[in-house]
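Both of the next two complexes hold chain A, though its partner changes from chain B to chain C.
On to the complex of A and B.
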């Protein structure tokens, strides 16, 4: 195994283009655990720790927030830059693992691994985030929703690096929330839900929902969002949205919960997230 | 082809050098190369927290840190908390309150508690439980651990 410590993105991309089966080492929280378990033995590690410009959170004039791929979970959890419809992203970051994991793990590493029970995928799909990807030949952007293509699968091709995630300002006056149910604190989600809402005189005029831990990727259902828009977010409307989402999910059975159990609690977790996001949207508007 | 990487670490205030392989973790190098055996290996998966160490002021998992990536960093292990024969506030409080059962998780617990009090000097009970949520005690003796962190907090830092 070789070890590379590039100091520029260009150098890192060149190594990845030339090394078969090299892996980027971001925070190590997932990659090193897999190496320790003998699940993975890359031909080379390309450490991104010394690459300039990959870490940091920038709020732009248009209200969008760009988070560099090497930004640690704790930095996202602590940032004041994410507010309104973006707030659920920092709420999700604060629920990832434990303090030591949040000091190590990065947003780029987390989404590249693409565990559907992880917190960022669901939060970023809800927030309509864009993922910026670069390789030695080109740079491209892709919606978070299209980035996650399957269980631990993404739109990344060999030689690609996630360089940043951008969260748009979104709808003015929106409130958002990320709700997770896990059997123990800091665990991956049994079920999670992200919600962005905007209200006008108590009537919902915008809704975006994604649920996690219930399928190979975060799940969005346009018809479920449509159930909320135009409603006063009464229990029956939220329950109807939950039913539509559950119908689109296909959870696995594992030690975090059976498929049946996940589908049973999904509407409750969604209702909690809607309730929180609603209070926040009412405070804003 | 294998690359051997030379690294220099500042551990508990002293410089140490080692030649490491790319897959070696900081935990491995601390315990098996440099013989800082106070830091424990539990799950080796980042779950249990027994290997917690402080790197550049922040608590991290020794088992998930690639040693070659730690070149030039400053590390505090459990061996570095006491000042000669004087225990740190956190260590003293754990001792007085009998927070130790079998003891295996204690280096990680004490390191995590030390990092928590640095970030949040006067934590609530909930903040203490959250701050130590990544440190598992298989004796399940958490009540006295939480109390010990409260006592250490009341006495001030370090």
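On to the complex of A and C.
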């Protein structure tokens, strides 16, 4: 196996374009573990750790926040840049694994691996984030919702690198929350839910919801969001949204919980996220 | 893990039976099937490529037909390995055909699959979903193949096929 450590994105993209079956090495939190488990044996590793300009968090004048692909989870968890409707992204980052993992793993690596029980995919779909992808020929942007395509599958093509994730400012006065249920602290989600809400005099004016760990990708259901908009977020409206979301899910059975169990707790996890996001939206407005 | 699937084919049960017991018609319908070899009248060897995200591997599988009651019941066992025995799988399967009138057949199968080794340790829940999606892809490919042949021979079965297609396209 060959090992490359380019210092510019251009060099990295060139190596990826020329090497068959090469993989990017970001933080290594997942890739190295999978290599150790003899699940992967790439022909070459392209380390992104020395590539300039891939890490860091930038808040633009329009309120959108861009997170470089090599930004560690802990840096996202600690940033003051993510606020209001974006806050759940930092909340999700703070719940990924343990301190050692958060200081190692990167946002680009996590979303490229696309484990449906991971925290970032659900939070980024909820926050309507955009993923910026580059290869040796072109650069493109894709909505987080369309980036995740299946179990460990994304819109990435051979030769692509995720270079950044951008989170729009979103609706003014919004509050957001990310809630996850895991068997033990630091585990992947059994079920997770991201919620962004905006209120006006106690009435919900905007709602965006995604649930994780319940299908191959984060699940959004327009009809579930519509149940909240116009409501006062009373228990019955939130429960109705939970039922609609559960109906659209198709969870796996594994040691984190059976499919039935996940569907059963989903409405409760959603209600917790709605309740948190609501308090935050009320504080803002 | 248990995998079960039921699908309808717009063709007479005898024809479905003939297709589903002939490796030459079944193999091209199996997603990822790279090659197959007939060992004996009741034993086949196949190489099947499986991909789960970044993991891509070839399973070498031997299938033995253990019991056949034409045209309604077929039992088989399968054993296979990938990556130089890094993972091994064994499966016991039962296939049932049910005639739904002269030109329609319901195919159902149930498999008990055991996967041991590196793939068994990793994301078994996802593997189960993967197996299910492979089963669904097989069903579509198999149905298309049998019905295309049935349609080209004309007759009532062809009419059933077009009605079925119209529904699928709706």
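Points worth noting:
In the analysis below, the second predicted complex is superposed on the first by the 285 of 285 C-alpha atoms of A that agree within 3 Å, B and C clash if a C-alpha of one lies under 4 Å from a C-alpha of the other, contacts with A are read in each partner's own complex, and residues count from 1 in each chain.
Note that a residue touches a chain if its C-beta (ideal position, glycine included) is under 8 Å from a C-beta of that chain, and two chains touch if they have at least 3 such contacts.
Not measured: the values here are computed from a predicted model.
After superposition on chain A, the partners chain B and chain C are accommodated together without colliding. Within the superposed three-chain arrangement, the count of touched residues of chain A is higher for B, of the candidates chain B and chain C. Of the two partner chains, chain B and chain C are each touched by A:37. Once the two complexes are overlaid on the shared chain, A:23 sits against chain C while remaining clear of chain B. In the superposition on chain A, A:253 contacts chain C only, with no contact to chain B. Contacts of A:169 after superposition: neither chain B nor chain C is touched.
In the superposed pair of complexes, A:1 makes contact with chain B only, with no contact to chain C.
With chain A as vertex, the superposed Cα centres of chain B and chain C define an angle of 100 degrees, given in steps of 10. Of the two partner chains placed by the overlay, only chain B lies in contact with A:99; chain C stays clear of it. Of the two partner chains, chain C is the only one that A:152 touches; chain B does not reach it.
Fitting both structures onto chain A leaves chain B and chain C with a minimum C-alpha separation of 11 Å.
Of the residues of chain A, those at positions 37 touch chain B in one of the two structures and chain C in the other. The residues of chain A lying in touch with chain B in their complex are 1-3, 5, 25, 27-29, 32-33, 35-37, 41, 44-45, 47, 49, 97-101, 103-104, 185-186.
On the chain B side of its complex with chain A, the touching residues are 1-3, 5, 21-23, 25, 44-46, 49, 52, 58-61, 63-66, 68-69, 71, 112, 115-116, 129-131, 133-135. On chain A, the positions that touch chain C within their shared complex are 23, 34, 37-40, 113-114, 151-153, 216, 250, 252-254, 256.
Those residues of chain C that touch chain A in the shared complex are 52-55, 83, 86, 118-119, 121-126, 128-130.
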